[in-house]
Amino acid sequence: MASAGSTHPGSEPRAVHLSRRQLLTGAAASAALAAVAACAPGGNDNSGANAPSTVSTDLTKLGNVHLKMLDFWPSGAENDWMNSVVKQFHAKYPNITITRTSQDWGDLNSTLNLRLADNGGPDIATANQGWQALGTYAKGHLVVDLSKYADAYKWKGRVPESLLRQQEFSSDGKQMGTGALYAVPVASSSIIGINYNKKILSSLGIQVPTTLAEFEAACAQIKAAGQVPINFESLDAGPATALLWDLQAMYGTKQNVAGFVYGDSSISVGNTGLLDAAQKVKQWADNGWFTPNYAGIAYQDSVDSFKKGKGAFQFNYSGTLSPTGTEQNDFGFTLLKQVNGGSTVGVGSSRAAVVISAKSAHPDAAAGFLDFLLSRQTAQAAVDNNLTPAFYPDLTMPTNRPEFAEEVKAVQTMDADDGYVPYFDWTTNTLLDTVSRQLQTMLAGKTTPQNMLDAAQADRQKFASAG
Amino acid sequence: MESRAEKAISYLVLSLMAVVVLFPVVWFLLISLSPETSGAISLSRPRWSNFAHAWQQAGFSHAMLASLVVVVASVIGQLVLAVTTGYGLGVLNAAGHSVIFPLILLGMMVSTEAVIVPLYYQFRSLGLTNSWLGLIIIQTGMGVPFGTYWMRATFRALPGQLAESARIDGANSLRLLWSILIPLARPAIYTLALLSFMWIWNDYFISLVFIADPAKQTATVALGVFQGRFLVQVNYMAAASLVVAAPVLILYVFFQRQFIRGVLAGALKE
Amino acid sequence: MVTEVTPRLAAERATTPTRRGRPRRRVGVSRRYRWVGLAFVAPGLLLYGFVVLFSLFRSVSYSFYKWDGITKATWVGVQNYTTFFTDPVLLGSLGHVLVLVVFFAVLPILLGLMSAAMLGRRQRPGAGFFRWVLFLPQVITSVVIAIIWKRIYSPNGPINASLRAAGLDRLVHNWLGDFNLALPALGVIGTWAGFGFCMVLFTAGVAAIPNELYEAAEMDGAGAFRRFLAVTLPGLRAQLSVALVLTVTAALRTFDLVWITTHGGPGTSTMTPAALLYKAAFQNPQVGLASAIGVIVAVLCLAVALLITRVSERGS
């Protein structure tokens, strides 16, 4: 080693020294050049030009078309389901081929605005609803205005109004829940409900609760029996909000929550049930009803432990648990009635909002696929892959999957009653962040439910005043 | 001289440090062999097929090729530019040296996040997004500051008589670089190549932003396949992570002596 | 990020100190080659200018606009900067960096010094093995490191499990979910990943210290510890300054680690400027604010480098 050193005396950067003078010169020189490069960042010039003038629904006449699809269903049941849907679509229209790209939900949401503006970007993409994603795309004219397709394919009659509305934006890009349609839902819904462990409930002689009062009585009994009433985590703050949103839907009215989300300024956050929901969460935490050490548990681990028998209840998105085999007999899924009045309202939406890129050269073919995503075949494929379907009450249901059957029943109740409450966090581009952080802080005893309410209201005001 | 006790304590403490450093890695290896998606360790029934499953699920055949193409091309690009700019600044005292060098050094202080948004818009207008070429250009360009810094210092550390004797021989500047300086600086160049390979291979953020097409995704981005919104398959994630980390680890084993020697060579000769 | 930045900058400056102590003519040719030199520099400079500098300048200009990344931008002057310095979350992220500095800079340097001293000046048998092992975290993708440690810190992970096994139930914590512990817990990851590199850096420096100094100290009857204080430490001044610049700026730029483990939570207790930048750039498109954060981080990095090099130059 030493000899190698001597034969290559200069092989090592020994004279390196970053001096202060050099750093200063670099900074000064770059500052001088900065003036040269200064100019305003641009917007897109295709403003307003994103609605097709004529639309065709005869897909067989389009010739050979290749569509690129970007979605956030990279694995598991959702991946299998979408593969099957794409395959069925191709079987129906052999002239149209679709290639999928899948990315993690967070990754895709962080970069979809860049992708949609790209000439080589996807024709079809899954977007998250709300101002954080779809709203910005619509405002920036990155996605096709689908109103004409909606008429041509008669989507309005086939899809519940409360679901379709989640994808509508006014032409000035200032209002959500009204105006032109910029995305379609798919024939598979995802709602927030309560998974329960049948073994724990039956061992303690507890009936499946249908009201919040019954639920709390059950929790008290479970706690007294030395079991964990509610499997909960808050390390991953985003998913942790499921509990909060579900409680909010029990306290608030559908109209008020929707009004707040869609920007009705006459409705303040105080009318949306958030305060009651937050107080309830805090109370449950203080009662010790949550999983011990919930603050350090990650979302996936929480779901996993629930599946392995920890905790009697878990607030969750339908389709998350997907118990397999005999596990189907061990779990159930239920919704609680609203606190005032007996109707059942749930927080939920389509599994995704699907958009067509304004850059797509084949909007007609893409719209044809969007229509197929609303079809019975797509819903049936969802059922076949253990995902809750939407829109179609008379699908072929499996007989050997009782947990799944309860999820389906819950979703169909909401379909029938048009009972979807939009996700509260769609209100602004930062609300999910604001509320989820407040939730963590409140659970740590460092802030109050009222503080959370104030933070949410301030968040919306800031968003509204920013226009 | 060092006492036996001192020696024993040194080995004890170093061993302890080694255990602390190795533990998480070994533990992760065990997770990657777990039959449970939750990652629960089960020593009695290691499942090696996790690696094959992870490879297939993440589309690593494509992704590894993508990473390899991008990394090899970028490393070559970085080396060429590092040697030429380092030579121009360090040996030939290029005109404007006192401004150019600090300007280049500034690049080492700039984080990727600070430039990625404008970079994306620039490359999009040039049609260089979603392409390996675009990625290679970015990685090569971003490697200039460190490479220049490194090679300039390397060349400057060479004794002056070398260049003088070369000049007496009448070597022109290109030949001086090619046949005298580069052979002498080879250990430092190897080290630079290793470091560049590692940084580019391990990059996640730039690839994520610039590449959308699954057939073009790099290996680190393909890892994201396992991070579904509602599902993290921990054992496969661990297996896939180790697959992605493997090339650099292997290179590290192979080049380790070279690398450490590169750093120590000059110092040890005294 | 930490795993990446540290070696990049540190490696190259490994033997900095010898320069001043050993004046000698370096390789170099006469002034008439200056324009040829510029020709050699041009390709690298142009590409770098195009990819990095131009983007950086665009970033600076973006920072004076309010822009969602899609629709037309509006000029807002220095509003994004005033937002940074008035928003408690943004300002708080700088406070978190100070805590991280202890774990990313101070501890790795101390541990690096200790392990370098223990490896000794001569190649101790097995030194290569220890170097190999301790340096290992540097070559692992930071994304993977974060995923590993997230599991290590989980409530039923190996740390809590061993504490329980040792009967130390009182020390069991929700490491990443605790408002007071999450930040130090992240810091420990940085220490774990970074100290091996400091060790390699210092080993190189120690080996470069002339033998005579040690011999003289030994003749004065100085023991190992005294020799370390009187000879090794002063001899490593330049390496220490290098290590400080690198690790402190790495702390300032921490992203991957935070993003994958806690997303800045619980609350905002582990939020760093880089994580806020990412959120502003890609999650809630406020590109102007994101650019302003990037500019501020860059300026702070530069200031740190200036300060440390200045102190080090004055000391020598």
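Here are some notes:
Going by the order they are written in, the chains are A, B and C; count residues from 1 in each one.
FYI, contacts are C-beta pairs under 8 Å (C-beta built on N, C-alpha and C of every residue); 3 or more make two chains touch, one makes a residue touch a chain.
These figures come from a predicted structure and were not determined experimentally.
Counting steps between touching chains, the shortest path from subunit A to subunit B takes 1. Farthest from subunit C in terms of Cα centroid separation is A. With centres taken as mean Cα positions, subunit C sits 36 Å from subunit A.
Averaged C-alpha coordinates give centres for subunit B and subunit C that are 16 Å from one another.
Counting partners per residue, subunit B has 103-104, 106, 118, 121, 149-150, 153, 155-159, 162, 234, 263-264, 266-268 as the residues that reach two or more other chains.
Shared interface positions of subunit C, defined as residues touching 2 or more other chains, are 12, 14-15, 18, 26-27, 53-54, 56, 58, 62, 69, 278, 287, 302, 305. Shown for subunit A are the residues that touch two or more other chains, namely 1, 10, 12-16, 18, 23-24, 27, 30, 41-42, 111, 114, 117, 298, 301. If you check the complex, the residues on subunit C that touch subunit B are 1, 3-4, 7-9, 11-12, 14-15, 18, 24-29, 31, 33-45, 47-48, 50-56, 58-59, 62, 69, 111, 114-115, 118-120, 124, 126, 128-137, 139-144, 147-149, 151-152, 158, 192, 196, 200-201, 203-205, 207-208, 210-211, 224, 249, 253, 255-256, 274, 277-278, 281, 287, 290-291, 294-295, 297-298, 301-302, 305. Those residues of subunit C whose C-beta lies close enough to touch subunit A in the complex are 12-16, 18-19, 26-27, 53-54, 56-58, 60-62, 65-73, 75, 123, 150, 153-155, 173-179, 238, 245, 262-263, 265-268, 278-279, 282-285, 287, 302, 305-306, 309-310, 313. Those residues of subunit B that touch subunit C in the complex are listed here as 2, 6, 9-11, 13-14, 17-18, 20-25, 27-28, 31, 39, 81-82, 84-85, 87-97, 100, 103-104, 106-111, 113-119, 121-122, 137-138, 140-142, 144-150, 153, 155-163, 167, 173, 176-177, 181, 191, 195, 198-199, 202, 204-205, 220, 223, 234, 237-238, 241-242, 244-245, 248-249, 252-253, 256-257, 260, 263-264, 266-268, 270. On subunit A, the positions that touch subunit C within their shared complex are 1, 10, 12-20, 23-24, 27, 30, 33-34, 36-44, 109-111, 113-114, 117, 132, 136-137, 139-140, 142, 173, 234-238, 292-298, 301, 429-430, 433, 436-438, 440-441, 444, 446, 466. Contacts from subunit B toward subunit A in the complex involve residues 37-38, 57, 98-99, 101-106, 118, 120-121, 124, 127, 129-130, 149-159, 162, 184-188, 208-209, 212-214, 224-234, 261-269.
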